[in-house]
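Here's a structure for you.
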């Protein structure tokens, strides 16, 4: 810690206050980037393990886009995207499932294990954790689904036994058909079902920015209303929209706060959780005045 | 049940005696065949669910040979076999892991769910369940491993919570490297670590046969010594050898009995467990006389 | 079991489904016949023990008519019957109590013990299990009583500890006066108080029959309404009336089904509980359609 | 209480010290006299209930001699006695069992219930509580037995649930044959198996007396050695001998003290347990000096 | 106990009925007198220990007037009293706290320990047990407070662990300022918060007296209404008024009965609790007739 | 925390590792300075509360020298010191007890309460926590004692219930006589009895220093042997000697490490516990090499 014990002591006191506050609370972390390209993972595995050792109950939810594309290409299969969503036929779905549940998921489990934790990988199909139905936005996207119901018990059983659950965003459709789920909204739905206190979405930017005459400004705290206005005004755009919407869905479902933070800052997860200022953008309802 | 209530009553009494005997006992079942070709699975998912509802603690361990070969072929990758073992380079291992943990495992989970159970898929890498080391039989087989240590707690946690664990035979090597494990011996090692009462190996034949002047005779019970003699004499040969050796390893590790039965007989698992005569071959130590 | 493993497997699957369904459920069995004449008991002690080992909670309720008459005769005491009910003066009551609680009860306890169970004999006076009041149907029958209140805790304590309770149908009247109770209705009242799932009345016929042009037909399932009609029409008559009425009382008190079966069929209790077709007559409310 | 509060207070302090000392301790009380002749029972039912409410765990063991003789006479059956032991053929044994388990036992249960307690009657055959073998003192006494093994769990289960167990001195012989047991030694064996702190034998005299020049003197405390000497010297004689021997057997088996007291003194059981001086004779090993 | 075992037995039976009735019940005892002058304490420490060993949950609340005055005098500090209440400036409060929590409290703890108990001394400031606010009766009394809120958990934790809590009547005011509390009302407030069954106020007289033509008569039982009338009529006067008012406050708060008894009668506490007649005055609501 | 999130993140990761390591561990903190002079207390109350909220089990032990002297002076009582120990006659002891248990203890309880904790004050006399005997170093020091036996259960009960125990260093001597105990050694004895992981002695210097040609150097870690050598060589001298000896006694009794740190550094307790470098001197055995 910095050189002056005076500052150090004060920082520790602040951090311990947060440690006490988060003890026993569930925090769902969503990580979407490429795993094999491990620099983007940064200190995530280590941070999750530290969180768990400090008494927090972390759950990791992940997607795995780039890896899927890579395998599809090797198999000579081209993908069509409609509004940013991959049209998923049966053969594609097989590949999605193998990559998410068999490759990305087990790689994350391994990295957490190396950092000293005991992770257990699940997909939304295990114990029918994430029940899904077809996503039907007007065009037929094939096996793209949305979460219909979450049965969170298996995650709670594993947390209670001291394991760190890692969940691949696959859904269990009618008759056991597999569905491809958006990982941001899967994480939000799981956070709601677990009555989590926080949803933290890791991205490749550091949070939500606004352009000002003085340059770009990171917004460190927003109300849900303000976040919706930013979408309407186009300040939040493209890839950031589904992330913000997942945050809003989590808040509506009772999660206390939702965060969008940069995944590459070393120990960013810890800084966001254990300091007053944090590093990214937190969305939270305004508390009624006492 | 058959038409005469007299026989029926006696059969029920016999079955209930076994129900009482197996209550709370752990039974590890190994299934190795192709999953997508579901006739070979027969009534297995249903039987596992019935076992669990009757108070038994079943655990399913699986491999997945044919599926792996199929994907490797599609990727234009040829495999070399040495003494029946697939030489596994890194690229092959990636495919093995994706198929076992991402495809076969999740398919079995789905089938058990449809039969009314709540399955959770694991690979040997989750919670570092199956620690492995390189298998070094003189030739270099690459990432072919053997079980070095089993940490069965995650399986027990799931059983205690009422889930049916389904384990893909992958190993967690030094530094988290993945290893391809023989599913028969992985099942045996897991049975020993769980202090299981039984190991049941499902195969495509009905048990161990001996040629007699009167024709082939199914051996319904053997001692470990007799089983070893049958290997030496060549009565047990080829693909059956590793299955019998897995059984012998389980018995040495304290498992009470090991069974080799045909996977295609409807409810064969139930007949083997709940009747005096069974349908396959049981290997068991001779109990010392009282 | 029958010779064809195919049938066998299916029967086992069916039986296991019932084992799972009855696990932890309470079943009250009423046995009224002569004990010393043990053929009529058939496999009852063995079946009760098997039920308990399979996780069911069986309770046996018994009367003891013939034995009582025998001792009264030896003591030179004649009995008067009014409408099939024994007029019971104090001296007779002493004999009834000695025979039921001291002889029949302890003999059943012994037989269950020999079959491998651990039975504990109770009368309705122990822990004031069966509170009774005078039965007053217009004529004075002396110490013939009817159940006023059941305090089932002692039976539950013994079941929880793994014992098999055997209850003699004696009642605890005001000031501790003993009352002679009809065993069928005592069993029904106990089943209601224990929130049992089933009441099974063992008789010397195989169930309820109806005459048809083709001969006698065993009715394997009836609604309570149909059972009442059969009484009104005289199809159910004489000794069968109080048994059917006890069944109806149990159903009204919330017991899910009541059965009348022949006590002499080997393992009849098991066949009735663990197969789809059963062997006797089951009375059950029609479930509302979903 | 007596008129002077000073004495009263001191007596209460003394009594409370004993209440604290006996809390949670098991006390086996043996009562052998005629029940129907209730004055001889005195305040016994009430005292047992008060003991239990004060936190002691009382168990009552009883015989029933006079009642048995009465019924045998009515049945025209004469009894032969050898050395004070009733020669017991099968027919006699039937009567013994009916009277003890069906009449005396249930009568005691009723009296305790009336005094506010919740008693459960057992015989030594229930849950095979008192395993017996043939008593073979040189002459053939028929079905007279001695205790071979006690399995006290059912008594403990009932005590833990707040019931007051009342045990008839019948034994469960090989193959379930009933045996007539001496109630004094049955009580001693049960006290040993329950690791009871006290055995209290109620009799029709007030304890052990010695003749002195000044008249008869009640011995209020004795060592086992002194008690044995009194037998040898003939001071203890006839009916008192088996009572003293039962006390000595209990002490040898680890019971802390054994008492012989008069059953007819009002609340004699309480006075013996809760005052320094007591009312009868206590036999206890001399404690080694600290 | 008195010489006649007949009376003795009956007294014991009566006492045991009360032992059973008070088992597990909480009794708050208030003792106010001087501790160093130990005769006035009489058998209190011993009685509290006996109560606790008999299963009662006793709590002792104390003041300490004379000791406080003594130390103030030694420090040359004079005290002004207004309506019997000590005007308490900060310096006086320091002395009050030292004497009550540091001297009287620890002395009582020691005496109870010597009598065989395990006492733990608390003041109302520990765990903020007795929250206080300024007592403002029109004149400024300084740091004289009244109970604003009781947080009884620490007392319950200690009782559950088998300790005997001894509470000094000090209050925890806003910002942690210490307040001097009247011990009678502190005891009443604690009794209410603990849902105690009894409040017993020890005094230097034997209870409430009324003058009659025949002389002074001790009133052994009163209703709250009668007690209020006695205050109005001046029969209860001076120092007795706050004691009676504390009793009435306890009864209003749900305590079942409140007693005023003489502290110097040997084992008076036991006589009051364990006999029908008691020794002092009990105030209790008239129970509605059944 | 300092401005660079990079450093911040690393510091947090380091702190969390310690949080995990100390969770559930007991830490005894000794504070000896004057309480009324609160600057010297610094952030101690706050730090203790943060420790407890982070899952550590802190216990505070205190003396109270200056306050005692002040009150003795006001009472006109002079004190004689022999080798730095206060010769303690009965009258002095009374004052010591009042100041420690009634004033300093309750003041610390109040300060912790204000910092958000729930403290319970004890002296070594409560529940006979610190049994003492006369300290007899050749001269008669009167009521100066040393710890003879610790009975830590009351402290554990309070910790388990979430309270923060504050212990005044008074001893319970034979017959309940009070003894004045050295707070350093009382803290060490309590740490041993509680199987604490750490003893932390707060002082008015920052640790143990050694003079070097470059100036005074703070020794941040020492083995017990090195600490003893420093005493022998006179590097550790005067008031520091008993503190170092208390540390050595704790280590011998099984405490894992003992620390001497400056009490006035803000949050010094936290810096010592939650950073690699700490701020004072830690004495710890050299771990055997693995």
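A, B, C, D, E and F are the chain letters, set down in written order, and residue numbers restart from 1 in every chain.
In the analysis below, contacts are C-beta pairs under 8 Å (C-beta built on N, C-alpha and C of every residue); 3 or more make two chains touch, one makes a residue touch a chain.
Keep in mind the model is a prediction, meaning the values are calculated, not measured.
Each step here moves to a touching chain, and the least such steps from chain B to chain D number 2.
Farthest chain from chain F (centres taken as the mean of C-alpha atoms): C.
Across the assembly, the mean Cα position most removed from that of chain E is the one of B. At the interface between chain C and chain D, over half of the residue numbers appear on both sides, which makes the contact a same-residue one.
Residue-numbered contact pairs of A-F overlap by over half with those of D-E, the repeat interface among D-E, E-F or C-D.
Separating the centre of chain A from that of chain D, both taken as means of CA atoms, is a distance of 73 Å. If you average the CA atoms of chain A and of chain C, the two centres end up 60 Å from each other. Spacing of chain A relative to chain B, judged by their CA centroids, is 36 angstrom. Looking at chain C, one finds that none of its residues touch two or more other chains.
Within the complex, the chain B residues that touch chain C are 1-2, 5-17, 19-20, 23, 43, 46-47, 50-51, 53-55, 265-268, 270-271, 274-275, 279. Across the complex, chain E meets chain F through its residues 71, 74-75, 94, 97-103, 105-106, 109-111, 113-114, 118-123, 125-128, 153-154, 157-158, 161, 163, 170, 172, 175-176, 178.
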